[in-house]
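Two complexes follow with chain A in common, the first pairing it with chain B and the second with chain C.
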Partner chain A sequence: MNFVPFGIRSYWVKMATHSSKALFCVGRTSFSYIGLSKSTSRVSYATALSVNNSHRNKGPSDKNGRFPRRPKREPGEPRTEKMAPDQDWTSVYPAATPFRPNSVPLPVRMGFPVKGGVPPQKKGNLELIKIPNFLHLTPAAIRKHCEALKPFCTEWPSALDTDPKCDERFPVKIESREFVSAGPSIRNPAARVVQLSIKLSSLNLDDHARKKMLKLVGERYCRDTDVLTIRADSCPLRQQNYDYAMYLLTVLYHESWKIEAWEAEKTVADMEEYMWEDSPSQRNIVELLMRMKVSEGDGQEVREQLLERRDVQEYKDSVTRLKNEGESESSMLQYKEAVKKVLNV
Partner chain B sequence: MALHRLTLRLRPTVTHVRSVHTSRYGRQQEAAAVDPEPEPISVFRTQENDPACQSEKQIGQFYTLPSEHIRLLFPHGLPKRYQQQVKTFNEACVMVRQPALEVISYMKKADYSQPALRYLFYGVTGSGKTMSLCHAVHFCYTQGWVVLHIPDAHLWVKNCKELLPSSYNSSRFDQPLQATAWLRNFKITNERFLSKIKIKHRYVWTKRESTEGGRPLGELVDQGISRVKSSSDVVAAVMKELRQQSGHPEGNFRLAVAVDGVNALWGKSTIKKEDKSAVDPEELTLVYNLRKLLKNDWIGGAIITTLSQTGSLYTSKSAYLPQELLGERGFDSMDPFIPLSVPNYSEKEFESCYLYYTDRNWLQHSQSGTEEGKKELIFLSNRNPTMFDRLCSFL
Partner chain C sequence: MAALMAVRRQFLACFRLTRDISQVRCLGTSFVQGKCSINRSLLSQTHFHTSALVSTPSAITVTEEPDTLFQKVVILVKGHDKAVLDSYEFFASLAAKELGINVSKVSEPRKDIERMTLLKSVHIFKKHRVQYEMRTHYRRIELSHITGCTAQVYLEYIQRNLPEGVAMEVTKTSMEKVPDHILEPMWKPKPADEPNQ
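Now for the complex of A and B:
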């Protein structure tokens, strides 16, 4: 019979837990010996045969006789044997504790499988102990926590049952985090951060004010959701950060309504989006149509009349779409059709 | 064409491919038995060699460019690889494709007393924009127009060996070498018009040399070719004269302006001034005058242009849409134009090109005749004309 120490790669195939009993034979150290059957396949199978090595494994300390050891107690049945399927799990794992293989009645395996084998079992598995486990957070446990917390909570107002209603009544949303951890200090510097989010549609801004506000806040605005987010973390206390965030919002609002003298110098390069009026494109098309002598005479009224025409309007739409939305095959096609109509091709 | 060319029947294409290989060997036996047909009919070729008469029925088919036309019309206009192909195959076959046909149809319908229309071919790299441009230019040539073909505007904004300050306007720069080369090619293409068109203004080159009004255009062009220093100004003068005279009754000609790689005119250049600062394309005489020509303030002609990413500077490789390559300034200058998308080959066009290569015995690989081989070619090249051409040149 070949003996292979357990601690080094062992070849296991689906060991039922009850049969493992036979293999937890005596051994001073953590080694246990298993018998390998000389089966035909390359993978060796473990037999549920215990080896009588008890007399062999006295350990080195016995040689001297200098350090007599206490007679070792046999480890008893693991607790998993005594667990009923309908037990109260929350009392087995009431808090976050490391993984205890004898308390968890699940045949989990974890680790890198040896060649031709399976991942190591849970007993003595350091990998399972190292990782965080959520055995203390089963739904039943969470339900119990919630029940315990309920006396300290207040009722959610029944009128605010949908999101749009909440946004309408409470447009400003403040978010801050609390941290609880076991340690010598209860303070956490990350708890001072305050995030203020508000939808710009709930603020009273006209066109100029909105553009100025967007320029002032820059990256803090999300175009898809129309939400302005101000994150304040420069002060040491949460109260201070909250005050600062509210102050920033107030200042932004009032400043965007003011019109400064130098804003009159806004150039085409500063514009947020393309405007067709007074653009080279408009000038080009008007001049072209004048040259094509589409309508008689010259002068401002004739130009305005030209601009009123339907195909010119379509052309304007297609150019604006090209410039604002960027290019794509469909927008190029639309532009092409519009140009063809205007030029009578 | 030579009798040794294959005769292909009008059959469904799958059996067509197989028949190419079988008939090649069987032909010698058949030749004696079968009476020689007057003209070989094939699926991928068309006999309609005049672009004016081509229509949608010929889409996907190859028509032959007469060699005379190639020598005169395209001394510098065809893509490099295509020129090599022409030399190898001993014939110049151009595929009739939809974008070129569209431009030709617009040009047929256009009213030439109105300002010139601008057409822009755009598409991914290697999809056949330059060839479509050449097709349209061939149409203009057969119709008897004056052809002003700038083969690649990118060549004017990079690798300039000689840069002289312009004599006409001191803030601009001249490029004598490029200008003379272009004038020479222009002369070859438009030989027949050079004596007919008379210039209107008087141009003074130096204290002793000047060209009076009323002289033929040929003299102006010769002046530019011989006096290299003033060639850029000659180019400018030629452009101005043609622009002003086209469409008018006394000029009696129509002008086709064909520019390949038009996005170079509004892009960046790699030419540096003596103090190592970059030259803006606007400061180059050639580019400045070409931009004036591209404005649609003249009548009696058409402006056909293509975008090109391949030679362009400081643009990303995946850019192919007009706004990306032209930029803001370019788009505003070219606006309004008719954009024409040149896509990769359609299934029919790919089939046609494949048959053409097989016919020319270009595909020597044993697998190239099989269905899997064809599928592999489709997969590898994604039906992109240039990729397909490069792949086949290895086979």
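Now for the complex of A and C:
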């Protein structure tokens, strides 16, 4: 005789695949035992659906009639059988959910194949559940989402279609980073760094101001691209670093326009580039030419005349180029030609 | 055009409002469903940073605050599985195309492999080791000429649909005008000690 011992209540909540039907069985009456080796619990992770709280019947063995089982309900037809080919897939998978084999009408196989066999089928396949799926992001779903998001977007001004135009109107570039990752903390300390880049040609600087600015910034300036980069990372917040970078730019600009009293003591060694006037090279060439033309005699106007000669000017250009740009094939050739012309060789 | 936009906004406002109130399960038209999920997710945020978005879910307001302009937005996604990144790239580029964002370059930087060689046994057996490696695959999507509002909308959409196990790094390059206080020097260049500002 099968009976359930007194004091046992089994709550058996069963959940079908997509409809949430909760079935509570309060068992104090005797049930006819249907011989089954194990009771399968219908586990599913789908959201907003019922809770699966299945308690197995007490008693591990089914052999003795003291612990009868609930009759096992046959699993219904999988939903895939009832799906039409032209159904709306976005309502089947509206949000990110794990893979449900009975909701996806595709004959997917995944996993390492058995020897001489094929990868396992999708039913009961853990590999398909583990991997993130994009079933909720089909092109149709993406288009619908974008349609809904379009009112929040703004258009790019059509006048700024090329980069040079953007640089001309908006020369200050602010670069910052944001991070999205999973972990114990959502914060990333690298997100507070702000990098400000600006081309010096877009600032209102005169000659002295530009040279002073270059001396003030030092390594932050790149000669090839004429870009000054200020990197601010000393403050804890990005807004603070941005304010600090703008403040630095302002201070640099105004300081470079100031002329201090001690700047008059600038020596030849402090000069950024080579100046031919009042240099040993000029003195040497003038003296050489004076000695070559002994007949004309000494005098300031004779020197000035010499300096205005074309070959002397060419010599000046070649020496300046050599000193500023360094030695190269063309600059050496130019120097050679200039020297030959000056010395009439 | 303005009238049309106003009418459209009103329509959307009614629509959004009704969707917020109702607790009906999404069975009917899928357009309703799509809008519902996204709007609920967007509107559940309590604050937006830029001008065109509003915290109250009733209408879109346009303020006078000028929008930021991003010359370049670079999205670098990292993950352990290349197939997941492939799918994500397809999703991101399609979303950008639908929203009218200019995707200038999509590239795949080289993967990083971090290897470690550890002792196989808990105690002694130094000659027997076991080796593990962690592979990180990358995908780089570069967007150019995008406004602040659009960037925020797009990035939020992308980030909400970021798969598990994938990390993202966004580098934004915004462009600004030269500030007014830098246009002209404060004082004429005189060779005297000027007091600081």
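Here is the rule we go by: the second predicted complex is superposed on the first by the 189 of 345 C-alpha atoms of A that agree within 3 Å, B and C clash if a C-alpha of one lies under 4 Å from a C-alpha of the other, contacts with A are read in each partner's own complex, and residues count from 1 in each chain.
Heads up, the rule we're going with is that contacts are C-beta pairs under 8 Å (C-beta built on N, C-alpha and C of every residue); 3 or more make two chains touch, one makes a residue touch a chain.
Please read these numbers as outputs of a predicted model, since none were measured by experiment.
Trainee: Report for A:P151: first if it touches chain B alone, second if chain C alone, otherwise both or neither.
Mentor: A:P151 contacts chain C only, not chain B.
Trainee: Looking at A:I259, would you say it contacts chain B, chain C, both, or neither? Reply first, second, both or neither.
Mentor: second
Trainee: Touching A:F99, do we find chain B (first), chain C (second), both, or neither?
Mentor: neither
Trainee: Once the structures are superposed on A, label A:L322 by its partner contacts, choosing first (chain B), second (chain C), both or neither.
Mentor: first
Trainee: Does chain C touch more residues of chain A than chain B does, or is it the other way round?
Mentor: C
Trainee: Take the contacts of chain A with chain B and those with chain C, and give the residues found in both.
Mentor: Common interface on chain A, chain B vs chain C: nothing in common.
Trainee: With touch defined as at the start, can you tell me which chain C residues reach chain A in the complex?
Mentor: Per the stated touch rule, the residues are 8-9, 12, 26-27, 30-31, 33-35, 37-39, 42, 52-53, 60, 67, 69, 71, 81, 83-84, 87-88, 91, 94-95, 98-100, 102, 145-150, 153-155, 157, 159, 161-179, 181-187, 189-194, 197.
Trainee: Under the stated contact criterion, what part of chain A meets chain C in this complex?
Mentor: Counting only chain A, the residues touching chain C are 88, 90-91, 94-96, 131-132, 134, 137, 139, 141-157, 160-161, 163, 166-167, 169-182, 198, 202-204, 206, 208-209, 246, 249-250, 253-254, 257-261, 263-264.
Trainee: For chain B, which residues count as touching chain A in their complex?
Mentor: Listed in rising order, the residues are 106, 109-111, 114-115, 117, 122, 296-297, 321-324, 332-333, 335-341.
Trainee: Under the definition above, what is the set of chain A residues touching chain B in their complex?
Mentor: Checking each residue of chain A against chain B gives 279-281, 284-285, 288, 291-292, 315, 319, 322-323, 326-329, 332, 335-336, 339-340, 342-345.
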